[in-house]
Amino acid sequence: MSKSILIICRSAPYSSSSARDALDMALAGAVFEQPVSLLLLDDAVLQLLPGQRSSAIQAKNPNAMLGALPMYDIEHIYTSLGSLALHGLQADSLEPAPTVLDAEELRHFIARHEVVLTL
Amino acid sequence: MSKSILIICRSAPYSSSSARDALDMALAGAVFEQPVSLLLLDDAVLQLLPGQRSSAIQAKNPNAMLGALPMYDIEHIYTSLGSLALHGLQADSLEPAPTVLDAEELRHFIARHEVVLTL
Amino acid sequence: MTLHILGASPSDRTTFESCRDTLMDGDTLLLIEDGVYWALPQHRPELARLPARVKLLKADREARGVELEALAEVDDSGFVELCLENERSVSWF
Amino acid sequence: MTLHILGASPSDRTTFESCRDTLMDGDTLLLIEDGVYWALPQHRPELARLPARVKLLKADREARGVELEALAEVDDSGFVELCLENERSVSWF
Amino acid sequence: MRFTLVVHSAPYQSASAGTALRFARAVLDAGHQIHRVFFYREGVHNASALASPPRDEQNLPQEWRALAKEHDLDLVVCIAAAVRRGILDKEEARRYEKKAGNLAKRFELSGLGQLIEASVVSDRVVTFGGGR
Amino acid sequence: MRFTLVVHSAPYQSASAGTALRFARAVLDAGHQIHRVFFYREGVHNASALASPPRDEQNLPQEWRALAKEHDLDLVVCIAAAVRRGILDKEEARRYEKKAGNLAKRFELSGLGQLIEASVVSDRVVTFGGGR
């Protein structure tokens, strides 16, 4: 039995444990061989800013782990045009580079998944 | 020894324990005979909406306790014009009716206090 | 069809806008917790422009002293029903 | 003079606007935690319009990968200094 | 129909901890099943055996326990989230050399796999967030 | 100069729990005094003796304890906020008929009066919020 699971994270990398918790959920989904998508909306797009030196605040950088997701068969990290616009970011300056959904694609993307988990 | 203490609360009544915690701080200040002011900004002005029937969610209504503050020599509950405007509220439809500070008054009000505690 | 569950106050515009931008025709938006403040007269015009049906959660609305007026509400069992009527739920907070 | 300490991301406009509206000439605004994202190019014009001096907390800025460019920053001991230079602090979060 | 609930908030942190309990009751009252309630993030504090609210305040850990007893609910607390935050069962207390655990009865520590499994086998999954 | 710090957030709930500790260190490094650190709201979880983070993660309760030991800090946890949330010292554990408390060493439960007193006698009071 299998279900498509969408994980929506909306938090900046160090504001709380949310970014890392979303990653852990995505990895758990992959380990249990479920098709998992990770959608970073709003502040969560800030997880993809390059050059994070989080040792300054004794925190782990979720960015490094986001880059490792393809090893777990999570090939794409999604975000929306609106989230990029919120902070004036360009997809090609982010690491790992996200797959960007426009408004119409975003709506259909959500509707394509059977389970949506937000955090 | 005495210091003027300003407590700024910015939370709606049931979103978390913040509204009740702010009240408890104000009461503690009064019990220890310090001059205390309570400033309700942004969502905190929603604490003053009449007709809250919080038994529906098994919560205590902070509104009732706000009305009892004068008994503790906290005569005024302050808010700002901006906070009323945020939710389109009129001071005279609120209970207890707050003392409303305009932008200029608000700045000076904060600067008049020796200690500012926010929550 | 999707049930969108919005628990954030109108002071959190970013959450509202992200929720709004994912609504499709046929979806339902359920306002719970501080989301019921969207039913204050000040905020209603924005609700009216949404492409989704809007409902309020009764207990949360009553607790917060918000008038129902022309809007629709459901009780907790109606919340469960809405979950069943829709294929999935998305929580916005 | 007051030290305003802003820890909320630009996605929380309500917190920013309340903080902004209480700034007086001579006050200092210290951006900490997710507040350092106000230094992203997108958000700088609003910072530039504030009547207060603006500083960033270095460790928080570095952690989040935000460029300093033309802004001023302080380390943790500078944060302590700012508290002493001002008569009171107000935290916005 | 089978539901799974995901609870992210601690009792005093966000109204959603209370909303989740009300929703669980409504699901059961309507004759549906709850496959699992999964407590994640700050939600792990709903499983504290030590929470001691004043008598006139809602006691969410106690109410979850009572509901679980009545309906034989599966209340699973994410072990990684819990241990970090100081919610331990007896075994974890031993592992980390603490004198005693504080996980309330009827709750069980387990991994995120329990959330994934629940998502797959349930008809509906509802997240109770708050305090991102 | 004398500082008082007010901490409102739990370790994983908000970055501000970590900011508060860094600030405390900077105050002491600069040769100033900390009159008191007052833990309120979810901040009470900084005082958990049971928190057991992975080794490669910051352990805030432990770091507060170490700092308190080194500098003889007064770490006060609001008793009303703590008891509700399941943080109990031995005495409160007895009062509420729990097997054991979980308040870490060097922390002390006391009332909001301790915050008011600290506000009055300190030169500066700084709030570390987050997660309203």
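For reference, chains read A, B, C, D, E and F in written order, and residue numbers begin at 1 within each chain.
Here is the rule we use: a contact is a pair of C-beta atoms (placed from the backbone, for glycine too) under 8 Å apart; a residue touches a chain by one contact, two chains touch by 3 or more.
For each chain, UniProt lists the protein as follows: A, B = tRNA 2-thiouridine synthesizing protein C; C, D = tRNA 2-thiouridine synthesizing protein B; E, F = tRNA 2-thiouridine synthesizing protein D.
Everything quoted here is computed from the prediction, not taken from an experiment.
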Notebook entry, point to check: Which chains lie in contact with each of subunit E and subunit F?
Noted result: A, B
Margin query: Under the document's definition of touching, what chains do subunit B and subunit E have as common neighbours?
Written below: C, F
Next item on the list: Determine, using the mean of C-alpha atoms as each chain's centre, which chain is farthest from subunit B.
Entry: A
Next item on the list: Skim through the chains and flag the pair connected by the most C-beta pairs in contact.
Entry: E-F
Notebook entry, point to check: Which chain lies the greatest distance away from subunit E when centres are computed from Cα atoms alone?
Noted result: D
Note to self: Can you compute the centre-to-centre distance for subunit D and subunit F, using the mean CA position of each chain? Integer Å is fine.
What the structure shows: 25
Next item on the list: Please report how many Å separate the Cα centroid of subunit A from that of subunit B, as a whole number.
Entry: 38
Item checked: subunit C-subunit F separation of Cα centroids, rounded to whole Å -> 38
Check: Counting only residues that touch at least 2 other chains, which ones in subunit C make the list?
Finding: 11, 14, 33-34, 59-60, 88-89, 91, 93
Note to self: Which positions in subunit E are in touch with at least two other chains?
What the structure shows: 12-15, 19, 22, 41, 57, 81, 125, 127, 129-132
Item checked: Per-residue multi-chain contacts in subunit B, two or more chains -> 10, 14-17, 42-43, 57, 59, 86, 115-116, 118
Next item on the list: Could you list each pair of chains that touch one another?
Entry: A-C, A-D, A-E, A-F, B-C, B-D, B-E, B-F, C-D, C-E, D-F, E-F
Item checked: Partner subunit E, residues of subunit A touching it in the complex -> 1-3, 5, 10-11, 15-18, 21, 24-25, 28-29, 31-32, 34, 115-119
Next item on the list: Could you pull out which subunit D residues touch subunit A in their complex?
Entry: 9-11, 33-34, 37, 40-43, 58-60, 62-66
Item checked: Residues on subunit F engaged by subunit A in the complex (per definition of touch) -> 12-15, 18-19, 22, 56-58, 130-131
Next item on the list: Write out the stretch or stretches of subunit B touching subunit C in their complex.
Entry: 12-15, 42-43, 46, 49-57, 59, 86-89
Check: Along subunit B, where are the residues that touch subunit D in the complex?
Finding: 8, 10, 41-43, 80, 82-83, 86, 103, 106-107, 110-111, 113-116, 118
